[in-house]
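Sharing a structure, written as structure tokens. Questions coming.
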Amino acid sequence: MTERLIVGICGSPRKGGAEILLRRALAEAENRGSITTKIVLLRQEKISYCSGCLECSDPVEQGSGCQVHSDSMDKIVDLLLECHGLIMATPVYLGGPTAQLKTLMDRTEPLLRYVAGPWKSAMRNKIGAGIAVGGNRGGGQEATLQALHHFFFVHDMVVVGTGPEEWPGCYLGTSAWSGIMDYRSEDLEAVRHDQVGMRAAAIIGRRVAEAVGRMFR
Amino acid sequence: MTERLIVGICGSPRKGGAEILLRRALAEAENRGSITTKIVLLRQEKISYCSGCLECSDPVEQGSGCQVHSDSMDKIVDLLLECHGLIMATPVYLGGPTAQLKTLMDRTEPLLRYVAGPWKSAMRNKIGAGIAVGGNRGGGQEATLQALHHFFFVHDMVVVGTGPEEWPGCYLGTSAWSGIMDYRSEDLEAVRHDQVGMRAAAIIGRRVAEAVGRMFR
Amino acid sequence: MTERLIVGICGSPRKGGAEILLRRALAEAENRGSITTKIVLLRQEKISYCSGCLECSDPVEQGSGCQVHSDSMDKIVDLLLECHGLIMATPVYLGGPTAQLKTLMDRTEPLLRYVAGPWKSAMRNKIGAGIAVGGNRGGGQEATLQALHHFFFVHDMVVVGTGPEEWPGCYLGTSAWSGIMDYRSEDLEAVRHDQVGMRAAAIIGRRVAEAVGRMFR
Amino acid sequence: MTERLIVGICGSPRKGGAEILLRRALAEAENRGSITTKIVLLRQEKISYCSGCLECSDPVEQGSGCQVHSDSMDKIVDLLLECHGLIMATPVYLGGPTAQLKTLMDRTEPLLRYVAGPWKSAMRNKIGAGIAVGGNRGGGQEATLQALHHFFFVHDMVVVGTGPEEWPGCYLGTSAWSGIMDYRSEDLEAVRHDQVGMRAAAIIGRRVAEAVGRMFR
């Protein structure tokens, strides 16, 4: 069977929970066989805001991406074009993904259905799934996963949650709690104490690998 | 100060978590002073579905409520008209409020902005807050609270979450986990082991009482 | 290629918008070839509430479904077991699916990952998509689609939105507006005036058919 | 009656729809009397990302805000501290608020319940409401409003939607459509053609003014 690529993007400005969970997910995905993974850590990248100019969807500039900025998005877009599955991981900041991750999300405009050229609908039918980790339980993890899902749907991707393992049933994706030992922990490894979250990260990795296998035969 | 009324509605078909949490919230609200509370347990009531006929908003039938059914909604509407604050509690069923509670929600059509007569916008400016309890952590509690909030917004109510206590930060409302000891527990008292949820129930009670006090002076 | 089955469930108590949109979606799905469709109209069915007893997931009663009620769910479960794709359509009632549809959703508990026997995770990897129609624009359509998605995720289904057609971009699913001509229209055919919604219904049908084709080869 | 302050924050990098709608809302709020308004346009400001260091909530640095960055947030925090109501307006970018606005949201960490000193829970009980405008109908407006609401709830604010006017019923807040004439319009004034959205902007202004009047007497 052909090798399939799953890309993981971590939206955290810090080492810590989101990255730990994402690495766990990607490791499990690789364990399924026929899967390669690559990881992008936004704490190491620099991306400018989308300025909303819509020049990227101007028919004259066919599929040539952002006409304004040249930055880390250049290589990230290459990975997005290449991948079959995408796992986005983020800490919950004020009820949603980090602004750093949102910046990346906004800059994917040149891959939408609206552009002309070869990047049109480039993410279509790729598998998407989310990982959210918060310092509080019920602290915005579900809302954050819904925001990631919305992004996937705008890209005409196919979205999976967890399953089929019975435990833990955080259905929308991986919902982890870095504050399980101490609700304002500054320990960057704290999420490792969250058995529910760590297990859910492994499950989402297997789930995406399975769905990629079915969609891209 | 005049006595203010907070009504609690429990959408569970069973005794158990949602009712325990709601009673905790209402008790805390009463502790704030100048607050009376009443509770409605849907497991003891019978409500017919809204049939979507819109006769209740027909100008001829001014404010006279549902023209089709006479059932437990008659007395529940009386409580809704009378109250200053409303706390709705529900177990999470398939990612949202129970169908039993949704039936009640749908039947509040005669209190919307669209009717003529004295019930028009009857819930306007009343305080709303939610309690959700699930067998899984991250198992739909936030989505369920958002569904309750949406209901409050359709009624032009004013919506509060938790706060200002630091712990636990389940911001949208009370997010509890009945499966903390055993993820498919059939113990109806299981939620009592969830310290986060029990505390968040007390907080939401105080929060609604405070907001009622400010809005209805 | 083997014939694949897409089931459409309409949650409206009335003839009208949701049914019109659902029939449009199913017709388009059939046009793709190798697809059969069946429709369930909840206005013609009678389903009892789930009582939350969890007997259906008791290992002794392996995969034998609800131990309490025998009603229209018997035949609906047969369709759910048989199908490869599921489109759920509903009018927006108080910010979410109708209570009638929520009743059906709650009664799918015997098909979840928690039961023993042949129905365990029966919906796993099937394709899900939603159609929501409201009397108001921005009147809860997205929230309703999210509620349907949550249901699909609890069942470990694979969820698709619209695309890849550029217009109209109501990404989460079909978002229609029956009040485009008259915001409290009682005309059951009113949705036909909503070109955006009607087109989005056709698109969702094609989208589900495509995804079914890819997932079930 | 004392003058009350409503602050409007526009998250768009461009002139255009969100700003037009926000100005309309603020003008209507002022028309209610006893209300002053101020506007912040993020296209004119520069804000660094929150780096998640949590130093702002370190008890030693009591209430002294961000310990890392000094930028436009300094003056924006002053407005947040001073205001009684907050209206946040944003175009829908990939299903949510712009990254520019999310950056601002993330940087409000020093006003949360977790800090020590005078800024602790500084936004508590202030009124929050949202305005979202998208190029597509059903293109993420509701999800964006929910993201803004989540932010308000994290800050223990009190959230209002629209009402009590019957038309248009986009309940969660102002939901506007800049693509009503042309779905990929680059006309920055295009939203003026959206009667539903323009009217809903006026309504949200009146609604916030009313709620501020009741909460801060």
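All chains are identified by letter, namely A, B, C and D, in their written order; residue positions are counted from 1 within each chain.
We adopt the following convention: a residue touches a chain if its C-beta (ideal position, glycine included) is under 8 Å from a C-beta of that chain, and two chains touch if they have at least 3 such contacts.
Since we're looking at a predicted model, the values are computed, not measured.
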Which chain has its C-alpha centroid at the greatest distance from the C-alpha centroid of chain D?
C
Pair joined by the larger number of C-beta contacts - B-C, A-B:
B-C
In angstrom, rounded to a whole number, how far apart do the mean CA points of chain B and chain C lie?
27
Chain A to chain B: how many Å between their CA centres?
35
Contacts with 2+ other chains: residues of chain D:
95, 114, 140, 143, 146, 150, 153-154, 166, 169, 171-172, 184
The answer for chain A against chain B in the complex is residues 95, 135-143, 146, 166-172, 175, 177, 183-184, 196, 200
Chain B partner, complex, touching residues on chain D are 113-114, 120-121, 124-125, 146, 149-150, 153-154, 156, 158-166, 169, 171-172, 211, 214-215, 217
Contacting residues of chain B [partner chain C, same complex]:
12-14, 49-54, 57, 91, 93-100, 102-103, 105-106, 108-109, 114, 140, 143, 146-147, 150-151, 153-154, 184, 186
